[in-house]
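The same subunit A turns up in both complexes below, where it pairs with subunit B and then with subunit C.
And now, the complex of A and B:
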């Protein structure tokens, strides 16, 4: 009787789980497998095209210096944006978690997180409006400073970094805030009553305890920035060629899908390595 | 420095961050009400660009398509995601850990990779590009968010309530619909709002999966920006930001996303 019931339960569980996981299989896991397969083809296997299995795409990725240079350029962009976001975001999370209290904190927290859930493309566009030559920023600086300055940040690496930090800053604020909030105030109080200075409390107590949250935020920023293509395109202009934009080109302009698939897979491998390295910290931050 | 000055400095810093986060959005919104077509100052108020939107068939049809797709995605992702969350919560499913880990790839892998992989696969099996492909892709991206939010709400649910209902003779369906679902309803609503936002704001996956001339709003904006800016784009962008921020304020009220309360 009980075995019968368990089997019934198992059928029910399977029926409830099936739609979600079949969907993920169809739309994520099978496509990723198909992409792995494509990256070893000489041409797309559609219609009556001639194709065979080859390593040429990976050879092209690794042997031409261009792609390695671009990957490195994207990794550097990821590191810059991540470092800046952590440096700017952590103090902000600290103020939210430990200085501001009550309803004001709730409202402030929502205000910080809100832009993150609004359209990222539109926010990048808004920076284009601000940064363009003769735009608002240049007009503002011109009005404040007595001498004549012409600032045109648009279509520069700086513009790309500003736009990306703006896009991803809320991530690190969110994860650091959650980690900081979990630190018991009485712990800080105890350290203080034992004579610890502010610097010591920050370096020996708060930072180590908040580290998993900071690392989680850093990973959440680094991964999408390395794979970004829309931000460099819109804010970088002709300088905005990165690893991501090259992948985009293979799919929408050059139509070399097998090479694009190989480029994507190399990026995926790099990202999975980084996620694996960070996973102990990520697991701790989930508690 | 005293604690009070430090606290004051902290508040000032927070103010600066908020300025950094909101200033460009406000500038963009202001420019959508500026009469000049070339973003020239001085500012002179005009609703001309919003009026122009109304007669721009391309933007209107893309906006309609975006909303319609987001609604379909919301229904599908919320239904499938809630069902999966309940199963993971109620039954001792074998391989539960694996099932939970499988939710991460759609969130953690850059959309550039997921989007191009979907393009390849959907072309291979004959779905091709177009609205059905976009919907399939968006639902997959929204599902993990729904499951995470609903599961978080389920964690506050007392499982003995289900047992009590069952021992009083209620069947599995009745228990689910009359006991479990009413309790987790705020989580389901929040999950649905997240799903809507994921779909409505999604650019990368839509960009690779939609047919040229038959696109969603963000894709249309991207292609128009690359041709050159017009205040019309500011107007439609301002509307989009207002809509998605409104949705997230709602979602925050229904979930615990806004922190403890």
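And now, the complex of A and C:
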């Protein structure tokens, strides 16, 4: 009887899971394996091009110091953007979850999600208008300060970081908010009644309990930022060459898909390694 | 029914004696297939024109190789004329049948790429340049040398296209080399390394370029002649400059396949394509520069193709691009990537 029930449950579970797994197979596994295949070819297998299986693409990636330099540059960018997003996003999430109540919270929340509603390209171009030498920001500061100010942040690493933080901030706010909301207020009250100072409450109670949310947000930001190409290209100017832009070049400009695929897989491997190395620490913090 | 078919077939053959149907192989929407032009040609000569299109130079060569007799006129970029000739795909042009031949720029008809084996194999038709354009607001006097890109006073207001081949070619011209036979790559590399700090950002499309120029980000930047004409027409304060060191040129010629069966009609069509009457009507639609000096002279004085490119002295300075070997292309790309990554 019970075995029967379990079987029925299993069928039902399979039926419910099928669409998701089918979609994952189609949308993730197939393209990814196609790219894995490409990364071992000497040329794209389109038309009447000659191609054969080779390891040259990976060799090219490892032999040239250029890609390692760029990868390190991109990883640093990822860390900077992630750290800034957490530093800005966590206090914001805390205020949303624990300080503001009712209608005001809904309105604030809307403002946080607003960037998601606009196209990312539009966001970047509006930053370009703001950051430009004779743009909005420069004009505004010049109008406020009595002396002559000319700020040109456009085409600099700062511009890239600003654009990326703006794009990815909502992730860390949303995940931190969910984690903070799950903390029972009575825990904080109990700590306070036992004489804990604000700093102690934050460091020993709130941060450990909210850690899963913060870490989830950080991972959600770090991974795409390391591979980002649009923001560096449009806001970085001459200095905007990163690992992601080189991959994009291989696919769009140079038509060397195999090398682009190999570069992508090296990036994937590096990110997975970083996450794997970090996972014991992350697991400990979640306990 | 059978008789009807037979008579109509006979009628077609009879007509064929006086009027041919010629087949033209070209990029789509590139001059030869303008409705009014084809209609005017049919009215003048009685010959009708059918078009077929290619989307890459390689496809054009493949079509010529695999369909002998299918085409009567083909557009070949001068970089590929020698290859087509060497493969026996195209015949020499009978210049006596091109009535406007004497009006064509001798600098172009004498172009060595169009004259493989010492005979003209493609009638020069249209051409264009990649050179530099400047913001006229920043220059009281137009620069005459490529060294303006390296001018320290313009640091941070210079741009070039994000393209390794083009970057290397500009550096080659600036170091006094031939873009088709670069011997001193070290000099090119040093020159480009010097150029990098000058650059504000790279541009990638005409639209990009116009935005940066109108925002004042650029004082001088590399640009395409056709795009410069459009930017000027749109009201941007831009002047296109062909410096003394030269400019990168492309040249399209019209050739006649060796397997063509309507060679007289094909010559007549090419003659019409270099006719000033045709060009003057085509030019306002954004045509590239013409090879016919009389056609350029017939344009309004303010027209870009007359004022900037109509001067034979300009043609004399141009270095027309030849095919680049895969090995060279790869080396240029690598150099460019390394330079960008080192920033």
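The definition used in the following text is that the second predicted complex is superposed on the first by the 244 of 287 C-alpha atoms of A that agree within 3 Å, B and C clash if a C-alpha of one lies under 4 Å from a C-alpha of the other, contacts with A are read in each partner's own complex, and residues count from 1 in each chain.
Definition applied: a contact is a pair of C-beta atoms (placed from the backbone, for glycine too) under 8 Å apart; a residue touches a chain by one contact, two chains touch by 3 or more.
As the structure is a computational prediction, the values presented were derived from the model and not from experiment.
Peer 1: Which chain, subunit B or subunit C, ends up touching more residues of subunit A in the combined arrangement?
Peer 2: Per-residue touch count on subunit A favours B.
Peer 1: Figure out whether A:66 sits in contact with subunit B (first) or subunit C (second), or with both, or with neither.
Peer 2: After superposition on chain A, A:66 lies in contact with subunit C alone.
Peer 1: Determine, under the contact definition given at the top, whether A:43 touches first (subunit B), second (subunit C), both, or neither.
Peer 2: Once the two structures are laid over each other on A, A:43 reaches no partner at all.
Peer 1: For A:30, decide between first (touching subunit B), second (touching subunit C), both and neither.
Peer 2: first
Peer 1: Is A:105 touching the first partner subunit B, the second partner subunit C, both, or neither of them?
Peer 2: After superposition on chain A, A:105 lies in contact with subunit B alone.
Peer 1: In the overlay, answer first, second, both or neither for which of subunit B and subunit C A:189 touches.
Peer 2: The answer is neither, since A:189 touches no partner chain.
Peer 1: Which parts of subunit A are in contact with subunit B and also with subunit C?
Peer 2: 132, 134
Peer 1: Under the stated contact criterion, what part of subunit A meets subunit C in this complex?
Peer 2: 64, 66, 69-70, 132-134, 154-155, 236-241, 246, 249, 253-254
Peer 1: In the complex of these two chains, what residues of subunit A are touching subunit B?
Peer 2: Answer in residue numbers: 9-10, 12-13, 16-17, 19-21, 23-24, 26-32, 34-35, 38, 45-46, 88, 91-92, 94-96, 99-100, 105-106, 108-115, 117-123, 125-130, 132, 134-136, 139, 166, 169-170, 173, 177, 181, 223-224, 226-230, 233-234, 244, 247-248, 251-252, 257, 260-261, 264, 267-268, 271, 275.
Peer 1: Over in the complex, which subunit B residues touch subunit A? Could you list them?
Peer 2: Residues 7, 10-11, 13-14, 17-18, 20-25, 27-28, 31, 39, 41, 79-81, 83-84, 86-88, 90-91, 93, 99, 102-103, 105-106, 108-114, 116-124, 136-137, 139-140, 143, 147, 172, 197, 200-201, 203-204, 207-208, 218, 221-222, 225-226, 229, 233-234, 237, 240-241, 244-245, 247-249, 251-252, 257-261 of subunit B touch subunit A in their complex.
Peer 1: Could you please specify the touching residues of subunit C with respect to subunit A in the complex?
Peer 2: These residues of subunit C touch subunit A: 162-163, 196, 199-202, 215-217, 333-334, 337-338, 340-343.
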